[in-house]
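Chain IDs A, B and C follow the sequence of writing; residue 1 opens each chain.
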Amino acid sequence: MSMFDEIVQRCRDLLELLPGQALAAARARRPGIGGGFAVFPVYAPVEIIHAAGLMPVGLFGAGGQLEILHADSRFASFICSIAKSTLELFLRGEMKDFCGAVFSSICDVARNLASVVKRNTAGQLIEYLHLPQNPDSSRAPAYTRAEFERFRTNLARHLGRPISDAALAASLETYNTVRRLTNELYEQRRRRPESISSAELCVLTRAGTRMMPEDYIPLLRDALEQVRARRGRPRDSVQVVLEGAFCEQPPVALIETVEAAGCQIRDDDLAVGWRLFPADVHGDGDPLGALAEAYLQQSLYTSVRYDRAHPRTAGLLERMRAAGAGAVIFAPAKFCEPALLDYVLFRQTLDAQSVPHLKLEFEEKMWTFETSRSEVETFAESMLFD
Amino acid sequence: MKYAVGIDVGSTQTKAVMLDPARAILARVLLNTGANVKLAGQRALETLLSDSGVPREEVGFVVGTGYGRYKIEAGDTQVTEISCHARGAQMLFPGTRTVIDMGGQDTKAIKVGSEGDVLDFCMNDKCAAGTGRFLAGAAEVLGMKLEEIGPAALKGARPIRLSSVCTVFVESEILGYLAARQSIQDILAGVHEAIATRTVALVRRVGIEPEVTFTGGVARNVGMVRALEKKLAQPLNVSPEAHYMGALGAALFALDHVLARPEAASVEDVPAAWVGQ
Amino acid sequence: MSAVAPAPASQAKEYRGVVHDLSSEIMTAWLGQLREAARGDGRPSAYLMISGNCVEILRCFDILPIFPEINALQLAIRKKSLPYIMKSEEVGYASDNCAYVKADVGFTLSGGVGPGGNIPRPTMIVCNFVGCNVYIKWFEHCAAMFGSPLVMLDIPFVRGGRPSRADVDYVQAQLRELIARCEELTGRKFDLDRLREILRYSARAEEGWSRCKELCKQRPAPFDAYFDSINMMGPINALRGTKEAADFFDRAVTHYSDLVARGVGVLPEERFRIVTEGPPPYPYYRNFRNLFESWGAVAVQSTYSTVGGTWEFGFRHDPDRPLESIAEQMLVHNLCNRTLLDRYQQIRAYVEEWQADALVIHSIKSCRLFSAGQGDMREYFSKELGVPTLMVESDLEDPRYYAEAQMKNRIDAFFEALQYKRLRGAAARAATDETHGSAARVPLPCEGCAAAHEKTRLLPGGAS
């Protein structure tokens, strides 16, 4: 196995763990970690958690590893898997080693999920952030900053210790580094897709949501070095952008299926909340203010954030252009309301520009990908032989 | 007029039971419902009468249940099959506190009190997955008879994992597994396991309290009994009268009426079970 | 099976007549204004959402308010929603998307909006994001269809028990920004006195609504707080701020108070008092209502009627604090902007203060704001509080998700069990009552059913 393959395998192994196990593994490595705090998609200011001495861990459900025994009685039909498996994790006590979890206003299900989790846990801080949906308002910056401040205050109170601005500024720099390195990997894939596959990139990116940034950064650096040196032959595939998997993450096997079926993913929104800022965010004496401004003015578009001045449809077209992609594969989670609603506008925009597109819905518990594969193959063939 | 009759008109089968005042079962009938629900109810009653030799005038009360209960002309009143299954199960197994009723088209979980009274219930009546229909579909695709699939499932040592939640799609999934040379026993074990998982999730909504009694047509499937017992980690009460449970419960409700007639009995003769002491 | 004999015709008509007719009158007048505006009379108009809305601000500028949710509701209740839903699905909406959106968008795509339609193309789209995330996308889609400017009102969710200072400042700033846009649109200056006058009408309507709801604490309740509330929801949510709506509520209070004084209830016999949670299945409104009426079950409270505003706990718009009280209402005093756990406490208060026997949860496929997590609500009420709870499922707009036989089965089983429990309790008391002695007549479980009585009388020699 090459060094790069080893790195990727390490990441894959990490992804097989449940969140509590990932936390335990990190604490075994670094006994100084004060605890863990779970972060439900899409975005939360993880710097605040890190500055409090805790490890932020991405809460993306149980990935089909946990049988749903209890959550079905609380969330019945027509609800995305991530909500059910996340609740299942809490109901089964798998999250007991975490100090708490943070949810945000991404959709109606997540909001109610936060309430149900809260009612069925004790002693943990279950926080809910109302992230702004009106960046146009003159009051938006002050509001956003106040919301982050509220999180800091509540977390500090829960832990019984302050979270200083200095600690925040330091954490901000740490995560800037994480984002910069991750973005560089993304850039590598855009410019030289033969040097890193989308499955590999997706595994590397997701692993970062389960590691302390101090451990993740050297891993990213190593990976980058390997990727830059990697040679390969560009494949004759259809160049696509993957859109819609910003919350619940598709099984890695689905990504592999898409690639094997003849499509090259040049850009995507996988785990986008963990790499939301394309540029560094500098504290400059007010780290929370800087984060608030970055969230409002400099974040990548997502289906859970309304921004009148920067429509997501324009964002998708721009993403395609920058990535050299000629088609789009929509990969929403089953029952994902924001993704399914956005699909309508995205589709209209693409049709108006004669851009080919395909929709593949997924869920956590998928073990056979034959149907998806046929669909992607057909899609790819229809374009390659045009 | 001391006999009581319960008629359960289901989507596929109609069952009927006649009881005497001491709650002994004098006769029972099972026939296919067919397209004419009214006729099915009639024929069930007629067959009960001829089998038992009891004249019609001696039948004091008839209770109809099941989806076809409003169409039974002979019925003096109607009671839902939820209430009937609870009563029927509790009569056969007095320790019953939870009933799982799996029929051709729906699955019910019923929480039962010591008198056979319904404390809570939950139904899967929207989706065939998790009902007898799922099993019927699997049997058809495998070219087997419904009675064969249960015993075959018991032999499956390595149950396959189904990802489809839909009865329609599971059929193509089964074909896929067959093509991949999985054994029929393992496939069937997987099918039964999938249904058991969905069913137990449903039962949890009312709470799993022993003893658990399994009723309805699917209770005759030994594979399903085994799969459920495994998932529940406790034994199930299963009666050979399983598919008569609804009709039996209905007959018990009918018997309440019969016994309460002033000329038939005084209060002391009324079974303590339903007086609420 | 009908557990109760049908209401005497005159009584039923009289009850449904007065308030229903008054409501129809003023709502029809408003819809008439919309139709006229659709023909292009140049009057400025704005789309607005029901939950926590600032309709008073629009009225201040004579901007005609249009509520797509009411459009969707009307389509469903008149059984016209399906073709529009399917039209939307043709252009890419998913089967799992909210059917309110699909019906309204399909209606728009079919020419229902604009010249030739019933609803004018809105000059402006005011998206009051109050709880429901789907609102944002719905209005984005409308803005894309019409090319009308979208003004966002981002109302922070009540996540910490009460809104923070930052939340209130944010909302008030946005209200002022909305006012500036209205000034631009209409060329008129904002008139604070006019707003105060409008808010006085609002407060009077709210007082009336609250008093009507209070009257349902009586036994019997003078109206069904779920099925009949629909007559009041239009005026309170859409026509709030008008003199007509305020007058309507005064008359409703008088009428219902009179019914209470005469001991007249919704049904000849009020057997069960229920609290309902969730919107009704509009395409099967009458049918669904019948399933409860047949058991003598009357809703004495409902959460759905409070989506736009919760007025029964004392809040009123305040002409002395115009923008502040509007902000407060949008933030705090409506169902949608409050947590699921707040809703549990709202329901609990309803069950206790309105003395209800049971909770009925109607879980709908379209609306995750209402339905996601109702299983937990059921656990809380039935297992922790011991309140008998029934959960049924269908949809509020899409007729394809209503299965009458299954619905009836669940409702019948539930009330059968409640009735049985009640009668057994009565029998147990009677059996120990010395005055009655051994001649006590033991009631039967089916005795709640008048039809059973009917039938037993028909049996030869039968007497009850």
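Descriptive notes on the structure:
The working rule: a residue touches a chain if its C-beta (ideal position, glycine included) is under 8 Å from a C-beta of that chain, and two chains touch if they have at least 3 such contacts.
The model shown is predicted, which means the values in this text are computed figures rather than measured ones.
Summarising the inter-chain contacts, the pair of chains with the most C-beta pairs in contact is A-C.
Ranked by separation of Cα centres from chain B, the top chain is A. Put simply, the C-alpha centre of chain A and that of chain C have 38 angstrom between them. Chain centres here are Cα averages; for chain A and chain B they lie 47 Å apart. Averaging C-alpha coordinates per chain places the centre of chain B 38 Å away from that of chain C. For chain B, residues touching at least two other chains, in rising order: 126, 205. Those residues of chain A in touch with two or more other chains are numbered 72-73, 77. In chain C, the residues that reach two or more other chains under the touch definition are 375, 379, 393.
Every residue of chain C that touches chain A in the complex is listed here, in rising order: 91-94, 96-98, 101, 129, 131-134, 136-138, 140-141, 144, 150, 152-154, 156-157, 159-160, 164, 166-167, 169-170, 173-174, 177, 339-341, 363, 365, 367-369, 371-376, 379-380, 393. The part of chain A that touches chain B in the complex is made up of residues 67-70, 72-73, 77, 365-368, 370.
Residues of chain C touching chain B in their complex: 1, 375, 378-379, 382-383, 391, 393, 403, 405-406, 409-410, 412-414, 416-417, 420-421, 424-425, 427-428, 431, 438-440, 442, 444-446, 449, 451-452, 455-456, 459-463.
Chain B meets chain A in the complex at residues 126-127, 161, 163, 173, 176, 197, 200-202, 204-205. On the side of chain A, the complex with chain C involves touching residues 72-79, 83, 105-109, 111-116, 118-120, 128-130, 132-134, 136-140, 142-143, 146-147, 150, 304, 306, 308, 334-335, 337-338, 340-345, 347-348.
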